[in-house]
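Here is the structure we will look at.
When the chains are written out, they are named A, B, C, D and E in that same order, and each has its own residue count from 1.
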């Protein structure tokens, strides 16, 4: 039992690591990873929604009729997204400003809906939480990693702390739109290389 | 006659016109030399330094990628050298060494090698390299600041930047003849317009570039600039001013004509070249960059696969003999 | 009139929904391998985005704002879009089966496409009027379609090139998308 | 041989050679003691052949491999079969060769004599297929494709060759006679002849249309003649015969005339032999003569890794042994020094567009080759006009990346036919 | 039929639950969010502009609506008397809207100072309008007579090098503030007297 919880948890960290293994939910990955802080913030917000919606979906899985399943999932997810939105405005307003419309857009992030449909709707609540937590943390770490690469090269800082001397002129391409695509693409290549071994 | 020779067996045709990728690229470098040498004479040792670092680093990046990807060594085709040469020519003589290295790295690796090497690249590698530098370290391409320490015998202002800042009054500072003969501030390989044209004509005559692209590019520049000027001569500069400044000529003869990212059929070549010229002037006149060549070329590279579908009907296609 | 033209140009090129706003990337990468698929998806997006833009604008202006329940925007928009897509699907299947055959497979994809939801949210955030919202939605969709079709053109060539194995497909697709975004810098500052 | 002008604004302009106004007579090669006969049918090692090693053959005897065989070779001499073996040709096609050791005594087998009085298509096809020039008589017998036009090729279609032009200039009377025989035999409505652009109209009096063909390669290739002179465009994947037209070498016409005059088949073939340095020799040799016999006559040396080209440099093929025989349809033999052999590479297409400029059939070779390299033959045919190619070889000739384009194209067409026949069989 | 009913019931209950939950969260965060908005978006700018005032301008605020747009005005007092007013306008920058807080001396009708509140300009290029005080300081003490424009447009403001478009956007916002102030001056004075009472 414990073993399978661990399995559901760890698969999100490597075997099915979003967004690298499952190439889904790319928009926030590209849009908010100019810095580690944004990336992790976005990741945590998504994780929160993922865990809560997974939990509720799993809890209600025997009550929800199959035909309106997706509609119910969307209502559940949207509810938690709105909660995150409100909480972030109330407590971490600066971060909320930076993440912009990508917070409400968690609602269409197919990782969230995808986990509800593919996992939570079919499994017990504790498993669903493990799954949500694993996926969420995997997603957060990926965003953080991408944020770290882009922030360090593109701004010369990590979490706002300068990495290089004062003469350093940052490689701002990395924090711009094209840099996001290129950087994610190259990281994906790296993952493929590692995955092959 | 009992010992048989081994004869070469292979398939027809048994003749070839003799071209190779290496000779093509060497001809490109040769054609670029007048403009490059002029740049070296004018900007001195730093210019030579930038050019040689660009060429050698481009070759080394390609070699490194060959090793890492465990593929055949391809530097003997001089393609990396050609790319390095073009990147170097688009940089100011005072570009720091690391800018040159990053520029050629992006050009060769991101622009070309990851697409499978020569022929696979959808965008002009040299232009990709410069574009990335341009959006990252804008100040490097501020030629006025970059060449502050030089003494020139002429108006030491980068014409296009002057145009952007002072408006059309800037035009009076420059004679078209002087611009064409290289009396202007700019990057190493693009100030000597006459030299680039010379190289371009050489390449056209030798059949190494598709002249349709170059000519329609130049026509696009002249026509669009002319129309703008017709509408409001108080704001917009003259066609010839645009032709002999910035990367225009290099773009028309050396950049837009890069093989892999440009069309090969007549109508598409003309659309492609003309679009390049039109976009260059649009960016200069109403966009935010002083020189639009780099982004205009990326844009036409982007539409290339789509427009190159316009091609003459192959023999017998859609024919009804009855 | 010129204002609407400028708005359209800005939404198609300068603020292209895919390349500048980072919305709709999954279908961008997922449906760009073949020109036909890309064209189909583009049509479907134009169709749905315009309708969604209009309906969400009405919802927001005449329902959420008067009742002062803007905090339910996310919830109501996603429900509106999901039902709209369902409805369009049913309608097309019955009435215009030809079009349904063409667009059908793309419609469900669109429900969970950030481009649609995002464009609707931007319409509200930018405080567009009804007409502006309509023009903007249409232009965003055109911008999406344009980028998608151009991308498909490139990808058809890239797919038959000798790309090193680890870079194949999505990886190189992303880098190429970056190059497209870079080339769209050409339009910066034009409006 | 590499040809490139310094200035190269347009596509390549390759000119076919022209025979001198007053050509020397061909030099005759003595009949060799051993002849090699090629038969275009694969040898099945598990079956017993009709003709076996050690059998005696008579002059003019047709050699069939098996009972049901339709292909045959004709022995130009009397002698003994000393060996039968397989021979691998272009694209892995398998043929069979016989070696005939000539007897001093010439016993001839004139089976043909009884049919020689009145020219008749059926009998001609069953005896005269391997006359010099290889008359394409069987094409008139195909009930599915009615042939209404016969084009006689008096103009050499590939570069360097002058064989047909020589015959055109020196055997007018026999050509006229041959045309009469062909008309009588086939009843074909229209007969035309291609001649070099400076040729004369002497033959037009016979009711023969004269097509003056430009020197520029590939204007003399059948599909180009169809397009330029008959105004018929061969549809992709179709043959000239599908459009009711067939082509025949002028040598075949002459051979027919001589055969019916003598009432005995002829075996002497005219050939252009081109040495490494480009000197040209016209020769007359019996079909079956191994090439080394011809080279010995002119003291032509061949070395390891040289190339023996049979046919023209653009469309011919390379022989791998000097024992390759003179064949009925062969016009030209050329020795290419190994230093002159252009290398091919395994580079990808760099999209330089030279092939597209050069292609007379408007094939988008730059894209086509990518699909062929990836073995996507159906896409290649559907979207990139594989079947429109008229096989002139110009694309390979100009390719900057030195891709063996022409080979890819022929292979592609070959694979496509296989795919199609698989599909129809399934 | 049963299924139909269960579908309707489930969806209704779910939506009601979601609505209730959200309303609760909303009502508990509402005030905090409003404060956050003021604190993060407006406060720094207001504090910087109205530096030597004796009251808290965030408290002394009122709203006016013109052309359907609501504007909040913050009043600065000296010695208990209203001396200055600050409000926000928007201009168009390189990447999007630029919010500009403009402070005006009620006595002399001159600009006390301007600060960028929100923007999405390129870090290190256009963002200097907010981060680098030397650009904004050019507006200090300028009269409100005319609008503002950069030198290349014939005005008096030195554009930031490499960010002319951002500079133009700021000027546009300042000009709008001038127009708004000129138009609303009587009402502003009205409100201020109200506030005093």
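Simple rule for what comes next: contacts are C-beta pairs under 8 Å (C-beta built on N, C-alpha and C of every residue); 3 or more make two chains touch, one makes a residue touch a chain.
These numbers come from a predicted model, not from an experiment.
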Provide the labels of all chains in contact with chain A and in contact with chain C.
B, E
Centre of all protein Cα atoms: which chain's centre is nearest to it?
B
Of A-E and B-D, the pair joined by more C-beta contact pairs is B-D
Give the label of the chain whose average Cα location is farthest from that of chain D.
E
Between chain A and chain D, tell me the centre distance in angstrom, where each centre is the average of that chain's C-alpha atoms.
68
Let me have the rounded angstrom distance from the C-alpha centre of chain B over to the C-alpha centre of chain E, please.
46
Roughly how far is chain A from chain B, centre to centre by C-alpha average, rounded to an integer in Å?
41
Report the inter-centroid distance (CA atoms only) between chain C and chain E in whole Å.
31
Chain D: positions in contact with at least two other chains:
348
Using the touch rule from the top of the page, what residues of chain A touch 2 or more other chains?
71, 75, 78-79, 82, 86, 170, 172, 176, 178, 182, 189
Two-or-more-chain contact residues of chain B, please, as numbers and ranges.
110, 114, 116-117, 119-120, 132, 135, 139, 288
Here the pairs of chains that touch are A-B, A-C, A-E, B-C, B-D, B-E, C-D, C-E
Show which residues of chain E lie in contact with chain A when the two form their complex.
3, 6-7, 10-11, 14-15, 18, 21-22, 25-26, 29, 32-33, 36-37, 39-41, 118, 122-125
Which of the residues in chain B come into contact with chain A in the complex?
102, 110, 114, 132, 135-137, 139
Parts of chain B lying in touch with chain C, wherever the complex brings them together
69, 71, 110, 114-117, 119-120, 122-123, 128, 131-132, 135, 279, 282-283, 286-289, 292, 295-296, 298-299, 301-306
Residues of chain D touching chain C in the complex:
348, 370-371, 373-374, 376
Residue positions on chain D within touch of chain B in the complex are 1-4, 6-10, 12, 90, 159, 223, 227, 232-236, 238, 243, 292, 302-309, 311, 313-322, 336, 338, 341-342, 344, 347-354, 356-357, 360-364, 366, 385, 387-388, 390, 393-394, 396-402, 404, 406-407, 410
